[in-house]
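See the structures that follow.
Heads up, the next two complexes both have chain A, just with different partners, chain B and then chain C.
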Partner chain A sequence: MDRIDQIVARHVDREGPLLPILHDVQAELGAIDTAAETRIAHLLNLTRAEVHGVVSFYHDFRAEQDLRPVVQVCRAEACQARGIEAMMPAVATAAGDRVRVETVYCLGLCSVGPNARIGDDLHARLNEAALTKLVEGA
Partner chain B sequence: MGYAKQPDFGTPAVRSDRTVTLSIDGREVTVPEGTSVMRAAAEIGGDIPKLCATDMVKSFGSCRLCLVEVEGMRGTPASCTTPATEGMVVKTQTPRLEKLRRSVMELYISDHPLDCLTCSANNDCELQDAAADVGLRDVRYGYDGAHHLGQAPDLSNPYFLFAPDKCIVCSRCVRACDEVQGTLALTVDGRGFASKISAGTAEDDFLSSECVSCGACVQACPTSALMEKSVKEHGKPERSVVTTCAYCGVGCTFRAEMRGEQLVRMVPWKEGKANRGHSCVKGRFAWGYANHKDRITSPMIRDSIDEPWREVSWAEAISYTAGRLKDIRAQHGARALGGITSSRCTNEETFLVQKLVRGGFGSNNVDTCARVCHSPTGYGLKTTFGTSAGTQDFDSVEHSDVILVIGANPTDAHPVFASRMKRRLREGAKLIVIDPRRIDLVRSPHIEAQYHLPLQPGTNVAVLTAMAHVIVTEGLVDTQFVAERCEVDAFEDWARFVADESHSPERLEPVTRVPAEELRAAARLFATGGNGAIYYGLGVTEHSQGSSTVMAIANLAMATGNIGRPGVGVNPLRGQNNVQGACDMGSFPHELSGYRHISDAETRALFESDWGVTLDAEPGLRINNMLDAAVDGTFRAIYIQGEDILQSDPDTKHVAAGLKAMDCVIVHDLFLNETANYAHVFLPGSTFLEKDGTFTNAERRIQPVRRVMDPANGYEDWQVTQLLANAMGLGWDYGHASEILAEIARLTPTFAGVTWERLCEEGSLQWPVNEANPDGAPVMHVDGFVRGKGHFVVTEYVPTDEKTGPRFPLLLTTGRILSQYNVGAQTRRTANTAWHPEDLLEMHPTDAENRGLNDGDWVRLASRKGETTLRIKVTDRVAPGVVYTTFHHPETQANVVTTDFSDWATNCPEYKVTAVQVSASNGPTDWQEDYAGLAERSRRISHEAEGEPAE
Partner chain C sequence: MSTVRISDDAVARACGADKVVAAFDKLGWTVERVSSWGMHWLEPLVEVNGVGWGPVTVDRVAEIAEGGADDLCIGPVAAHPFIASQQRLTFARAGRTRPLSLDDYVATGGWAGLDRARAIGSEQVLAEMVQSGLRGRGGAGFPAGIKWQTVARAEGARKYVVCNADEGDSGTFADRMVMEGDPFALIEGMAICAYAVGSGQGYVYLRSEYPDAIGKLNAAIDLAAPRIAPFRIEVRVGAGAYVCGEETSLLNSLEGKRGEVRAKPPLPALQGLFGCPTVVNNVLTLAAVPHILTEGGAVRYENLGMGRSKGTMPIQIAGNVLHGGLYETAFGVTLRELVYDIGGGTASGRPVKAVQVGGPLGAYIHPDQFDIAFDYETYTAADALIGHGGIVVFDDTADMASLARFAMKFCAAESCGKCTPCRIGSVRGMEIIERILAGGRQADAVEKLPQMHNVRASQRSFEEQVALLEDLCETMKFGSLCALGGFTPYPVLSALRHWPEDFGLAKQAVPA
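Now for the complex of A and B:
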């Protein structure tokens, strides 16, 4: 809980401190569980429901820690048009249980899709071989 | 007349001086600027289909059903979020709108169980209505797609259930919790198709969540997703009757929705001016006590309290009682008899009890439970302003800029008003809390007091005088107000007094334990922050200096010019539903109705000629004096209507000794309460659902109480009093409560314009209703004080005689909790015990550690007067050196430890300060064991008539 108190203390004077706090908690602790929601609510004088509503709204916030590497694959319209859907079975096989594949809708690189992201690195013009290689190397 | 829902205009009413005129479907309508198109349409009888809109919360625009076409506007805007503008031309029904609405409805219905016939909302469902309104005939999507059906309901709350498969995620419940109740306990979990209503985190259900069970969400729900369990059990109501709640002094009005004589549910009445359509867990849900198995419906008598009770007919009970009373009067004189009126009963019932005592018994020995709560308010405000009541209506809080709460815990004791106050605080009003305990208002979601002054219990006068010191010495007095409205000489005396250095916050800090800088800042904020309103409760009055504190509050309000307009004032939060009324009705030994002294020959003559009796000119005995006199042998008989003095009055052993010494104790109540353990006659009472009459709330608002079912005991309470009066030869012949009200109005100038018919027509009236105020007075002292000029009173701080020492080092203060009410006679007999099954002693972690105590341990709580045992709750809500408990449970009997010190002016007991010690314990005290034995013996009822042995 000390970690959460420290994170909250960093942001508490900002206007709208909740999202920056949640990002830091997710990044530093790997999850925002019920205990964390409750503590953050108390420190910000919000209700548990309010914090839970925000946490559960965003896919980037997770209730349980998941240490697996993450590959975000865009399956929005442009990438679909460029064939991403046909690659997904291969992606799933490559990922197995070791890698978490997350579907996202648009990474902002529609002209050069299909696209994926690992951490802060974007990968464009992917074909099945390139994408499975990315997943295997993640 | 069948059952009709309350009208719903879709969006809240807007207050504006400017109006706009628009055309809706060819009909012109003029509405205040800012009104939604939806509401404007409803004003002229229209009914635009809607699901996410209801007029208790702000518009949201999510259901996409209330679409309209507006000339010159693109698309099909939602009528709930579109404000009406001048000259707007609106169409609410076109082929395009029909098609759109049906498509939306199809989507909703494709993910909804089609079990209307067996659904508890059948024929009372807005989804059903909307489907009918849009002409839904087919669902093209079928019912086999992704859906939310088959989820388990959340049954954790004792009063309502949440059935997620009936939920359409309109979020009305979430918004009602946020906007109306201000608890923000609900949220929408997830998003998109996965969205669902959640009561907090993934681990919470409704009971474990921050929900306070006010029921606003249930009221807001358009389907049966959130539904009263009582409706599920009994079915849809067939009729409704508007009546007034019988719990606290807020005086919420409800529609009692009935099926036959079965109450199906209580729904706050939107027109109610005290509650504005809101309620709390007690008023809405905690009415099950009315049919509880403990309720006694047959009269009972016995010659001695050692005997079991004997059930008898009403005729026998009344003649037995009258006989005993007459014998005692013949032998010991009229002054050996007395009565106690009830703040839970109606004005009419209270008036008759004091009439019986004064005119029938022949003494003025009548008192009421206001003695032990707000008698200092009566004294203090009468002295300073000239009238014994609060100065504002509840709406006033909507105009306050700085709210000072002292010795009150509104979120627990006056929850519906607290919600209105919290709404104003969320809008930006500032808050100062003066309380030894960190009450919820000090810090709870979205509410934070600018200043919390955690004073030492018993030092209210010192703190308020120190605030006055700051205001006077720093030149913050509203000199114009004082010069125009107040007695200047008295003001100058007072100003000299408070300005003395000995009253500075710095000098008083060792006494009050309030940091001087905080106190100075709070005083400056109150004096300069705009409209300043003071709200106070029993933490002010129940002290040896209760009356002084009330006058210190009045001084502060006058010095800062905070009297006589909306947003300001001095506001006592009255504890019981009709405590204001009981005081107004002449329940005190020295006063006839309307606060006129019994020694005043002219007033007495008025009553004597009307009643045809001779009245004693001497004030009678107060409750504690009656008990003293009983022990001395000069007071022999008492008629107690609807009050449990053994549990509620201080120093339980003293009360027990007094009652035990009397020859005839008559208890008129719903249950065999604790006082009845010492009674010889038990007259069964009727609940507020079984009688007609009026209650007067904390804002002086007189509201009708209506009979929705026959009294289970056979008589309304005033009828029982009348039976007794007539058995004593008084010859009363009231046929209905309205006739008693007419007599009250005839004899009481402040009630002159009040009639039953008028109350039924107008809903409520705030006294005074007289020639000067023909329609009543929401705010008092507008152009001048009732007494003429406002009177400043010098309030010297005198420490209480109840002092801590080595044997009793802690100070105990007492209070209430949300789910329980007063002595708990009603709420303990409802499912409210889910929240508060026992009284707990709150103690600071430091004090607990010093005593080797842990959270949940059994402890012995001892004072100079007595001792009891209960569990402790370790919390930093209380300061070190202070402990706190509630007095809802007879097993604990917190009043065994409270003292008989009392207010110097009114004898209001000093419940709020008792020196105590707390130590580990492993069982009940001797008193608890003895008393439990006595209670068990005393409650035996013999059924000889049926040939059964005594139980």
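Now for the complex of A and C:
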């Protein structure tokens, strides 16, 4: 639990520190589990229900660690207009159980779609071959 | 050896700009990373002495270095018709400056608005903001000057300036381009606002889907901190909730709570962040402030545009379009010009079927309506909305029924859960659209039981399903606390009215 104490100490003086803390816990520990929620709640003088409510509300936070590589594929309107939906079956096949394919709603690259994100790397102008290659190489 | 300018905007990088930079590096050239001109179909765009080549791949770099590759050359970049025909105020620096260079910023008129604001006093700043006619660029179009005045006159020991950089709409990237390409303009706009309303602390709520913007803006805030002191700005990263672009749920998220929409009143201008008077403005609104506050800027701004839509709008041309990118122009331009003349039609080369303006909550516009002018009131009258100025083009392969279903699905996925029509209605909406596509609905086993005597009809026809969908849309429109539930009917009903054949209906079955 030391790491959570350190993370909370980093942010505790900020106004509304919960989201920055959760971001760091998610990034450093890969998930925000029950034990983490309990500790954060204790340190911030919140109830665990409040912390859990926040964790479960936001799509970015995960309750369980998932060590598989992640490929975020944009499936919002602009990428749909450029044919992302037709590529998804091939993406699912390429991913299998090894890669987690997540849906993201817009990466802000709407003029050069379809787009995907792996970590902080953005990829544009994808066709089915390029996208499945990204998933296979993830 | 000379200098080459290549953008480090996320679009350019996603299209391979970093590899092109490395190739020029290898040849011993000096590479300057600048902001993007906004001609995205040409990214990565390489500029040498004002002349551009694009889109450039690594294997063409050697040719360009020798002055060749004529097939990629577009001539002087600033004279390109896409750029030359724009009226760039907010994006005046796009493509011309290094985003994190304070020298470049000062050399292009940076801080002039802030210096002048401090010289003329906060009352005069408020007066000029009202005069300029600037309206909220986040979509609602509320006059920014009036909002600032409300905050300035509110009682409160602490006041906040919050920049809404949650840009969650598909088809929009102008906020992202400001933050990545001209971050000091946003910082200056926030500092002017803070000075006018008497705030010491600002927050930028930035969505987590924009990693490049987060990095750039943080770096820019560090560099600009002495210039805007005693005002301080901090970036807060969102956590993947579209609804946090709604101002009150954004404030809840900043406070460390679930991003649930708050009831209004109280207005955030009076009781916003931590109960204090708060200005919440979109990135484009705040980035428009510095040039409005320069000498004569408010008058110049007021004279652009049409009707009550003053000034310029950075329009984002996206989706299945040949020449996508950022096009800033005065209000009044028609969709036909934007899609065909400027956008060059679809990227696939097929006919345009529909254009969605204003993000996922905007109506789908039929080519028959393409002559309506880009103006808040004109769009509202046509049951559509301008929103953040994003336009997404679809070719004739688009299935409007599945897009209508997607609108409901998106609403269900992103609903904050506060209001029933949005939380549950959207899921029911998806089901109804599926039933329409299946040609109606048979009664299920339970409904056929003899004791179910109050079941309305054993079999619901196609038309009854359509009526049900329209009824649901009305309920969502009038029974939702915010625009997520309230505007989801726009894409659904516009798709149903203009393309009934995609739902399996005869053309005349649905009155417009």
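Keep this in mind: the second predicted complex is superposed on the first by the 138 of 138 C-alpha atoms of A that agree within 3 Å, B and C clash if a C-alpha of one lies under 4 Å from a C-alpha of the other, contacts with A are read in each partner's own complex, and residues count from 1 in each chain.
The working rule: contacts are C-beta pairs under 8 Å (C-beta built on N, C-alpha and C of every residue); 3 or more make two chains touch, one makes a residue touch a chain.
Model, not experiment: these values are computed from the prediction.
Of the two partner chains placed around the shared chain by superposition, chain B is the only one that A:E37 touches, whereas chain C remains out of contact. Judged by the touch definition given at the top, the superposed model places A:F61 against chain C, while chain B stays out of reach.
In the superposition on chain A, the chain among chain B and chain C reaching more residues of chain A is C.
Looking at the shared chain after the overlay, A:C110 reaches chain C, while chain B stays out of its contact range. Shared-chain residue A:N127: touches no atom of chain B or chain C.
When the two complexes are overlaid on their common chain A, residue A:A49 makes contact with chain B while staying clear of chain C. Once the two complexes are overlaid on the shared chain, A:L19 sits against chain C while remaining clear of chain B. Common to the chain B-facing and chain C-facing surfaces of chain A are residues 50, 53, 57. On chain B, the positions that touch chain A within their shared complex are 183-191, 198-204, 209-210, 443-448. Within the complex formed with chain A, the residues of chain C that make contact are 10-11, 13-15, 40-41, 43, 167-173, 176, 201, 208-213, 234, 236-242, 253-260, 274, 316-321, 324-325, 347, 356, 360, 390, 392-395, 397-398, 403, 406, 410, 413-414, 416. Those residues of chain A lying in contact with chain C across their complex are 14-20, 22-23, 50, 53-54, 57-61, 74, 76-83, 104-113, 115, 117, 120, 122-125. Considering their complex, residues 34, 37-38, 41, 45-53, 56-57, 63 of chain A touch chain B.
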